[in-house]
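I have a structure here, written as structure tokens, and I will follow up with some questions on it.
Order as written gives the chain letters A, B, C and D; numbering starts at 1 within each chain.
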Amino acid sequence: MSKPLNVGMIGYGFMGRAHSNAYRRVNNFFDLKYHPVLKAACARSADQIKVFADQWGYESIETDWRKLIERKDIDVVDICVPNNLHSEIALACAAAGKMILCEKPLAMNGPEALKMVEAVEKAGVANMVWYNYRRVPAVSLAKQLIDEGRLGRIFHYRSQFLQDWTIKSDLPQGGNGLWRLDVEAAGSGVSGDLLAHCIDTALWLNGPITTLNAMTETFVKERMHNLTGKVEKVGIDDACIFMGRHANGSLCVFESTRYARGHKALYTLEINGENASIQWDLHDLHRLQYFDYRDDSIIRGWHSIHVSDGDQPYMSKWWVPGLQIGYEHSFVHQVADFIEGISNGKPAMPDFRDAYHTQLVLDAVLASAKKHEWLDVQQG
Amino acid sequence: MSKPLNVGMIGYGFMGRAHSNAYRRVNNFFDLKYHPVLKAACARSADQIKVFADQWGYESIETDWRKLIERKDIDVVDICVPNNLHSEIALACAAAGKMILCEKPLAMNGPEALKMVEAVEKAGVANMVWYNYRRVPAVSLAKQLIDEGRLGRIFHYRSQFLQDWTIKSDLPQGGNGLWRLDVEAAGSGVSGDLLAHCIDTALWLNGPITTLNAMTETFVKERMHNLTGKVEKVGIDDACIFMGRHANGSLCVFESTRYARGHKALYTLEINGENASIQWDLHDLHRLQYFDYRDDSIIRGWHSIHVSDGDQPYMSKWWVPGLQIGYEHSFVHQVADFIEGISNGKPAMPDFRDAYHTQLVLDAVLASAKKHEWLDVQQG
Amino acid sequence: MSKPLNVGMIGYGFMGRAHSNAYRRVNNFFDLKYHPVLKAACARSADQIKVFADQWGYESIETDWRKLIERKDIDVVDICVPNNLHSEIALACAAAGKMILCEKPLAMNGPEALKMVEAVEKAGVANMVWYNYRRVPAVSLAKQLIDEGRLGRIFHYRSQFLQDWTIKSDLPQGGNGLWRLDVEAAGSGVSGDLLAHCIDTALWLNGPITTLNAMTETFVKERMHNLTGKVEKVGIDDACIFMGRHANGSLCVFESTRYARGHKALYTLEINGENASIQWDLHDLHRLQYFDYRDDSIIRGWHSIHVSDGDQPYMSKWWVPGLQIGYEHSFVHQVADFIEGISNGKPAMPDFRDAYHTQLVLDAVLASAKKHEWLDVQQG
Amino acid sequence: MSKPLNVGMIGYGFMGRAHSNAYRRVNNFFDLKYHPVLKAACARSADQIKVFADQWGYESIETDWRKLIERKDIDVVDICVPNNLHSEIALACAAAGKMILCEKPLAMNGPEALKMVEAVEKAGVANMVWYNYRRVPAVSLAKQLIDEGRLGRIFHYRSQFLQDWTIKSDLPQGGNGLWRLDVEAAGSGVSGDLLAHCIDTALWLNGPITTLNAMTETFVKERMHNLTGKVEKVGIDDACIFMGRHANGSLCVFESTRYARGHKALYTLEINGENASIQWDLHDLHRLQYFDYRDDSIIRGWHSIHVSDGDQPYMSKWWVPGLQIGYEHSFVHQVADFIEGISNGKPAMPDFRDAYHTQLVLDAVLASAKKHEWLDVQQG
């Protein structure tokens, strides 16, 4: 029989839903030593958090996150609030001895992230960051193929995260659904929101990025601000491109934007090795493209792998070959792995320290874009 | 506040899991007047059903389906057992005044299905059959586009369901995971299992099939039987092809097989109209291909629609544009629609009568294949 | 140094252009013992054939095909006229000892084709039929993979040829560009025009078809006739579907139509074997899709082969890997192979006898559609 | 009747073949006022140029390009030799009043290119550079859609040219087939060879690039040199990435490499506008991907346009809808347009001046990569 793992959720937005769904589903599909119990949900607005709690079956609500953290019946706190609030909450959780699952990006910048890392390591609490795309089965399979050494020497890594939802210039900034457009809350624009995912996966698949050169752009310079009611300067980056080098000698290039008409959420990645290459994209997330030069030459071509067989990552837990899973399952897998980690003492990644490295790359990206020069990435 | 809808599940196999998942999730995503309560799960083996019940949170178990049906605390019975058991259970449910959700195909043949139809209609109990693919958002969108009249006069309908999992000749037949290979339990092979889905969708999208000509084949003639321990003749069809005509004058062609190497579960459909055409396949179920001759000629081409926007069927309930859902969601949608139907008095389809029409097409298919001649389809 | 091979072309339509292009290009890319010389082009209209001859560099013109055949300076006659004229011309060519390259389908029916076969075999003249798709490199590669035994036991063959250019009901029938809609000139509709290609390739790749059942449809029943100026009954089939069995025990299904909105010339084929499967389509003719179950299971998927490498059929003659060739090249390859055949005494296929087998399948298709019953295919 | 246009070809490699094919074919498909006559082919080796001349039907050979240029029976000189020889030959051609078709990149650098521009403009001779990809019909269609204003404000341009043919470290450098690996002959590596195409198309489709930042890499540092027989340092760039800005405010990112395993010659381009976006790639060159936000929202998706209809660029000259053309046709189109240009006094692009702009971008790319800093592009 599994033991309860009491969850306190702070936030109730898109990610609050995605995580809640994961907590509720994980034990139906995975055999684990713990089962999450939705103990409490917290937000400043009692009305709104009540609706959310009812929808998802949280047992209670709180309107002050400090109260939530003080509760003895909470084992793990899930931080699903705007980026500028992560640090303070996480430090308090660590002090209170709570396990922490924190939304990405971990912090507003590297130094802030480092404090969080130090706090959780000092407190000895389990910690993880919601870079969920690592656990899309096709991406996990990519990692497996790389770890098996199938690719040989790596020459290139490239990744994009392309969206188009902010093209309308009359879209306001700030407030509940739109805090990602408000630099005060988000810290940055597409770099922290989208590039952060690309960087996390890149570091995981291809190792450290050592040096880079970045550019950013804000296409729409002013937007109505929901919190002030006034047209205000837009402080976030709408697009960001950077090129650089990994420690293994490969070149990399990254791009993220919310102005790529036609792409809803096109997160792509590609890695080119001496012997084999891999491609993936989020719009067909259940497939992996794999090319192996060692195939017989006359039948050599990209394999379009429908990642739904029982011997492919996570898929034995779900349906049968040919039946695809989707976006939300990556969160279920992350919860499963988190629980495995606290069960067997081998913490699941990315933990805060891992996510701190992503933060250091982001810091270098934003600094390089500002200074218009190449920068070495601090290696944490 | 929603009211409880007490579910009694008979069976615990692949479909038992898929349905249980749907019951557990539906209220997190849909605002409904009822919420399913997993009251009891039933199977002959107490050990096995106990494991299943624990995994999915059923409150109790039964080992005799008649007991389950007698229970007053059960509102709706879900029949997830081999095809040859559907009828007896459904008739008993109707007699007991229970609502019924029955796996497909509804029955072993048309006459048996008709009795079930008459029973539920006489009893006045809500009833539905799990032809879940109608509620894949892309397929629902296809229906919407057809109903809007975008296609014009229809010339062609074609559909396939291709698998490859039974190619191994040392795969046995019969017993728990393999009853689909045992003609006693399944009634037929790919025709009842796979073609039934193709036919259900075809009737829904393109209206009645009036006449047809079919062929079947059993590639592996003998297999070890798990229930007898002996090598026995295989009674099911391994492959089935038929061609025919719809009442609207269009031609149709269907094929299903478990011997199409490379296709795990490739359910495809295409409809060609005077003005527009539509294609869909299950291996990329979140996409719909749409061609419209009325597009400007120089930019005319198949639209690859990533069905994940809020104005596309069911998608406002899930995540954000670009984030795909998968196979299991079709069952969630079906439960949601079933509950809507019993809430507002407009029963969701396909009900038993609807599924009876599919059964009549299947009867014609099998009879035609046996007689080697064209047959008119009885129109129920 | 290569020797001249004097070509006499009868006809100047679409195929006349495609063949002329092939004759003019072949020696630039292939090292051959003969080089075609465009000696004479022939058609009833002197004006029209003059324009054609000038465009393509024919040295002379004729307005009576009998005159052309009588000329001593003609080695090979290319028959590019409507189907109903093939036989008479071919018989005369054989009698005159000319080599013959005849457009497909070879004849109006099997018996007519048989006479042509007997004539060329008696005369001992080289003969070939323009089933050009065999020599699309990807299709040739498919043949190679099958001949290497990579597929194992074959279960399924399926093929389509889908077009949409006759959907307009005000399109007339008959006359120069539209003789394919006139049953007098064409003999049949899509079956002789499109299905014939599918059948030729199927027999080549998968061996004889032994039995079949077909249906045809004429969606637009009357069209203005260009030759009479009156609205007349349409005698051709607009669509044709048939299913059947190959001698090797595999099932087959074929469909051709000119009413599949969205498909310009979508010729597809697929073959499913125990170990491997192959797919191809004309809209991306430079690619072959190949699935091999013997690939490592975690990287198993359809290989998308860009057929442009030097070790793939014909491709060493063209450009470099990645640079695709197109439709017209299949004719160049056919001329090259024809010349190879007359150089080395191993005639290139399909010759008249080979094409006669396709004709017998077509006869069975049309007879079955008329009689509404299964028919065995005469095996010539 | 068309008049002769006497062509003198210098070189006989891959491009010599591609151009010769274009000269021989153009008048079969295009109605033009001139028809190319293959008057003479020139190379230092009499043996080798003789074989080439025979293969392609050149009337005579020369072994000294100065002799070729002196000949009065030559109207136009085609320069198909390594990059370091372009300038001297072109200057001599201009002095001799010959029209010039020069392979790309035009020159070793901007200043050299400028002298060539000044020479041809002073001499008043027709001149063009073989940036052939502009005339792939799908790319020409992209230009048309952009010129029609369908895209609105442009936000992003991105382009790649990915190959994998030099990954083998034992591939030598220098000499006939491998001068592209020899920095003396080529001037640069992938930047001049591959990126040059990307830049030419980008300037054509999206206007000037004003500023950029580049990086290059040489993965294999030493290779046997065919001309010296010794292992020598490799002077070319194996990979090049740059990011920058167009004058219209859009961001751009470019990448080219010969170390992207799995990509034979994957030239891609994408442009994202406010209203619409376009994608294209060379591995399926007959297709254009087009997304238009103004499509009805429920059927919005990328149009996969099979560019083979008569109303699409150049396609009325070839076959029928659905039948694709390939790589070599882009050269035929370029010859046709060159002849149109000299016929009607509206010179076809890109002429030397146009190609000079590409050279200036390349200069900035190489300088930026060397200096590790942002550079403004000289605007010629």
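Here is the rule we use: a contact is a pair of C-beta atoms (placed from the backbone, for glycine too) under 8 Å apart; a residue touches a chain by one contact, two chains touch by 3 or more.
Because the structure is a prediction, the values reported are computed rather than measured.
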| item | value |
| --- | --- |
| Interface with more contacting C-beta pairs, comparing A-C to C-D | C-D |
| Which listed pair, A-D, A-C or A-B, duplicates the contacts of B-D in over half of its pairs | A-C |
| Centroid spacing, where centroids are CA-atom means, of chain B and chain C in whole angstrom | 42 |
| Inter-chain centre distance, chain A versus chain C - centres from mean C-alpha coordinates, in Å | 55 |
| Between chain C and chain D, centroid-to-centroid distance (C-alpha), Å | 36 |
| Per-residue multi-chain contacts in chain D, two or more chains | 263, 287, 302, 306, 309 |
| Touching residues (chain side chain A, partner chain D) in the complex | 155-156, 158, 164, 167, 213, 215, 217, 219, 239, 241-243, 245, 249, 251, 253, 255, 257, 259-263, 272-277, 291, 293, 302, 372-374 |
| List of chain C residues in touch with chain A within their complex | 141, 144-145, 287-288, 290, 292, 295, 297-306, 309, 311-312 |
| Touching residues on chain A, where the partner in the complex is chain B | 14, 18, 20-21, 24-25, 27-28, 55-57, 163, 165, 263-266, 282-287, 306, 308-309, 318-329 |
